[in-house]
Amino acid sequence: MGNSRLGANQYGKAENRVVRIYRDTARHEIVDLNVSTTLRGDFAAAHTDGDQRDVLPTDSQKNTAFAYAKEHGVTSPEDYALALGRHLLDAVPKADSVRVRVEQYPWDRIQVGGAGDRHGHDHAFVRRGDSVRTAEAAVARTGEIVRSGVQDLVLLKSTGSQFRGFLTDSYTTLAETDDRILATSLVAQWRYGGIDADWNRAYDSIRATMLETFANTYSRALQETLYRMGDAVLQSCADVTEISFSAPNKHHFLVDLEPFGIANNGEVFIASDRPYGLIEATVVRDDGPA
Amino acid sequence: MGNSRLGANQYGKAENRVVRIYRDTARHEIVDLNVSTTLRGDFAAAHTDGDQRDVLPTDSQKNTAFAYAKEHGVTSPEDYALALGRHLLDAVPKADSVRVRVEQYPWDRIQVGGAGDRHGHDHAFVRRGDSVRTAEAAVARTGEIVRSGVQDLVLLKSTGSQFRGFLTDSYTTLAETDDRILATSLVAQWRYGGIDADWNRAYDSIRATMLETFANTYSRALQETLYRMGDAVLQSCADVTEISFSAPNKHHFLVDLEPFGIANNGEVFIASDRPYGLIEATVVRDDGPA
Amino acid sequence: MGNSRLGANQYGKAENRVVRIYRDTARHEIVDLNVSTTLRGDFAAAHTDGDQRDVLPTDSQKNTAFAYAKEHGVTSPEDYALALGRHLLDAVPKADSVRVRVEQYPWDRIQVGGAGDRHGHDHAFVRRGDSVRTAEAAVARTGEIVRSGVQDLVLLKSTGSQFRGFLTDSYTTLAETDDRILATSLVAQWRYGGIDADWNRAYDSIRATMLETFANTYSRALQETLYRMGDAVLQSCADVTEISFSAPNKHHFLVDLEPFGIANNGEVFIASDRPYGLIEATVVRDDGPA
Amino acid sequence: MGNSRLGANQYGKAENRVVRIYRDTARHEIVDLNVSTTLRGDFAAAHTDGDQRDVLPTDSQKNTAFAYAKEHGVTSPEDYALALGRHLLDAVPKADSVRVRVEQYPWDRIQVGGAGDRHGHDHAFVRRGDSVRTAEAAVARTGEIVRSGVQDLVLLKSTGSQFRGFLTDSYTTLAETDDRILATSLVAQWRYGGIDADWNRAYDSIRATMLETFANTYSRALQETLYRMGDAVLQSCADVTEISFSAPNKHHFLVDLEPFGIANNGEVFIASDRPYGLIEATVVRDDGPA
């Protein structure tokens, strides 16, 4: 049958739950991260001969992830990911590239001064669950790329969405609709053209742009909505060269209440778990990468 | 060996994902619920003889949960749960009691007018993931009880927490500490003395009181923090007769960075998944139920 | 408003993932456990005054759970739970009772001698995911109770199940059926009359009895099936005084293929996630506890 | 800033829970599937203009997935995936390729004849949770590829695994070990050279080969173990051209029992959730695809 050989391979430490508290003043800051590192390169001997001499243990990668939260600090997940990736590339001669992926869980300060409190407590926090921020640094000997994103961003429009004029075949039973609920749990990831953006400001701006566009766009399909969102991000943020979306179409089915003599004019829906549509699209700047 | 007989039993429909849109004006409202109904009573024949004549199918309970979202409406999960429970008790002669449990997922309007926008979009929403509101109505032929609560409320203090002076035995290795992270994913449920509270207002107030007390209490143990939170709720809300907490102690371990020549003065932690402490306590009004 | 006081309370360490390898010979055994300990007693001072002098840290409980896996050993989860519970009750003077809950994940030896291999490898294992065994020891100063069980036991009958003759109301749309899929993910827990059963043998026997009865009983409702299963366990195992079931009715809906000119005589179903029926019942030996 | 354009995109229906019962005789068979379909092609108009005329709704894809379970049948997930993919490619003129992914949950017949029963019940089943079988058909106008695999296959060796001689840096604290637990939750996927293998037989054979090799290989790293497993599959199954693994290193840490005067010679471990190593590798036949 011939022989076999090693193909693509990579290794690393996944899901280091790094929590960094800034406490230089009485007003603390919390940075709550899930960090994964991945190394690619010439690690053939570890596979074929069990020879580990070129392999930095994933345990050391873990140590570094925690140490760098203090040594380098975490002004943004992108900056931290770049620093960690560069260090690991230096530390492992046989590595060609390192990918560092960071998920950041947002927290709010607890309000202790009543409803009008915009200041919040100095060291007490409540986790804001409205989405997770993501950042990836791909650090190679040939160059560096930063991608940022958001996930678990659950959006819904209770009107302003249609679906009609679609292709039909002998298995089509779906009726056209002029008014439906459109909902998704969005995953978006965008690529920056450089490695020196104002990461936090860009993230906030891009997230807000996506939400505003989702809200303000009349939707003739989730595909169209995603495209408009991507286009708006590219128009508003010159640092971004492309943006990709993965968007489940979280179906909300109108419940038939007629057997009970009740009209249901878009008021009562059942939120369905499975199956779901899954729409994925990338929007690229015209002068962006192929 | 003797014979066997039927003991405690109940049945119902769990996790009806009811989404109710109020669209009487252009400014829609969304109410997003997970509804479970449970019936208790004399259903022995269904078990011992397979005789269903006294059993209202769980499918009918499902239909009713959706129909009532329109027929009765959902001004609050408590009010809806009471109405649904009363109807089911009426519909099933052999039922002694009905329990309706509702989980409500909160949504925010998407801001489309920039950072200062407090108005939000008319029909576009983003799910706020900071906690889930719960309500339970126990409707029996002998009376009614309402319990409300919150779950998935993740709280953290980066200082202001100690743990010392504890009992030790031959298996104790834990060091005392004057400064640690205290974190939990809180489940709280409180019982109302009556069935006519201002449910939405009470929920907002109790949730805010718990958060403020968590923030402002110096903690000598999670037990103490929970007790203070419960006491504050009872002091501030006369409608509540008791409140119960289930609180995992989500451990954040200080990472030893000394091997790398780095001091770690409460700045870098690893958030641990398992095991976790689990602290549960009820605080009762002195003149409350035994 | 009056004052508040501490009500019911308990604390402990949850989900200690204890893996015990027996390696006294070259033929290893693996015992894979998830252990939770809970203490009840007079711990009021910890709540009201932050005084920990009576509180054995959950960290010490964790240490003991691991130490006991070696010191006492794990011949069965029941025996281990009893030993651990007794020790903790001794170690904590203010405790009235200790509950130890153990989940055991089963493993099979990897077959290395072909399909006919019934011996298996000495130290290589594959996790058998067909269910989780559970055991609980409640160790109080006044006595001891052992409960054992199984969970995540997913059962399905492709015929031999009907549902008809049920109560109807104005919200009933369900059609009667003489032939449906009956499926559940069973949780069962039974109570032993004593504390000296042959735990492993009893578990195997009871699990087999439940499966056989599920298979061989024509079902006129999930309630009836559960009752027959419970009755069979009580008939066959004199050590058991009662058994409780929690059984989601995992609906499999017949798919309407008529629009495509295809008859569907109980051949194609969609397995639905939510909502699900939830049937819970206890079967008690006639001379069992009230 | 220039203009934007649509980049890579695809859409489909994910997670159709298709359950197919074969009941031509009294001895039923169950095939339990999770089916996802994905279409790629020229769907630009749906994105840029909201024009759906080339888009077959995901709802129609769902209908087809269920209808094909009867019309075509499911002799194997691979055969069913190919048939479904070919149909969808025919049905959607603008599609260039269709990918159908199937996860199959295995079931065993319930034993009703005692421990020696190898026949099992005719129509009562218990879900075997030891792994999930996967199959993917990529059906393009230019050709077809089949990939099969397994996931959630949890393996453990209690000895016969070392990790030493690795690269160290200033963040390395890990000690070398000659004896550790090696455990993983394996995901494997292999590509067939053609589209007419004996799918079920190949799956069984490849799964057995992987397990045997895992068991019989002394491991100097998880990388080496994976490579040996892949090599063994390629040696034993001529139909396979390459195989890829994704394998979390599920760490089991030896618990320090010395503070309690207990020696722990590889007998008591804590199974850790996060972080975990993540090792990924592909093994390719020498004359296989680049």
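Should a chain be cited, it is by its letter among A, B, C and D, assigned in written order, with residues numbered from 1 in that chain.
By definition in this document, a contact is a pair of C-beta atoms (placed from the backbone, for glycine too) under 8 Å apart; a residue touches a chain by one contact, two chains touch by 3 or more.
Just so we're clear, the structure is a prediction, and the values are computed from it rather than from any experiment.
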Joint neighbours of chain B and chain A, given as chain labels: C, D
Chain pair, B-D or B-C, that carries the greater number of C-beta contacts: B-C
Whole-Å gap between the CA centroids of chain B and chain C: 24
Between chain D and chain B, distance of the C-alpha-averaged centres to the nearest whole Å: 37
Chain centre separation in whole Å, for chain D relative to chain C (CA means): 29
Contacts with 2+ other chains: residues of chain A: 16-17, 63, 67, 171, 173, 259-260, 273-274
Chain B residues within the chain A interface of the complex: 16-23, 28, 30, 32, 63, 66-67, 69-71, 107-108, 110-112, 115, 121, 123-131, 152-160, 181, 208, 211-212, 214-216, 252, 255, 257, 259-260, 262, 264-273
Complex contacts: residues of chain B adjacent to chain C: 1-17, 36, 38, 43, 46-60, 62-64, 67, 91-92, 163-169, 171-174, 219-221, 223-224, 226-227, 230-231, 234-235, 238, 242, 244, 248-249, 274-287
Chain B-facing residues of chain D, complex: 170-171, 173, 259-260, 273-274
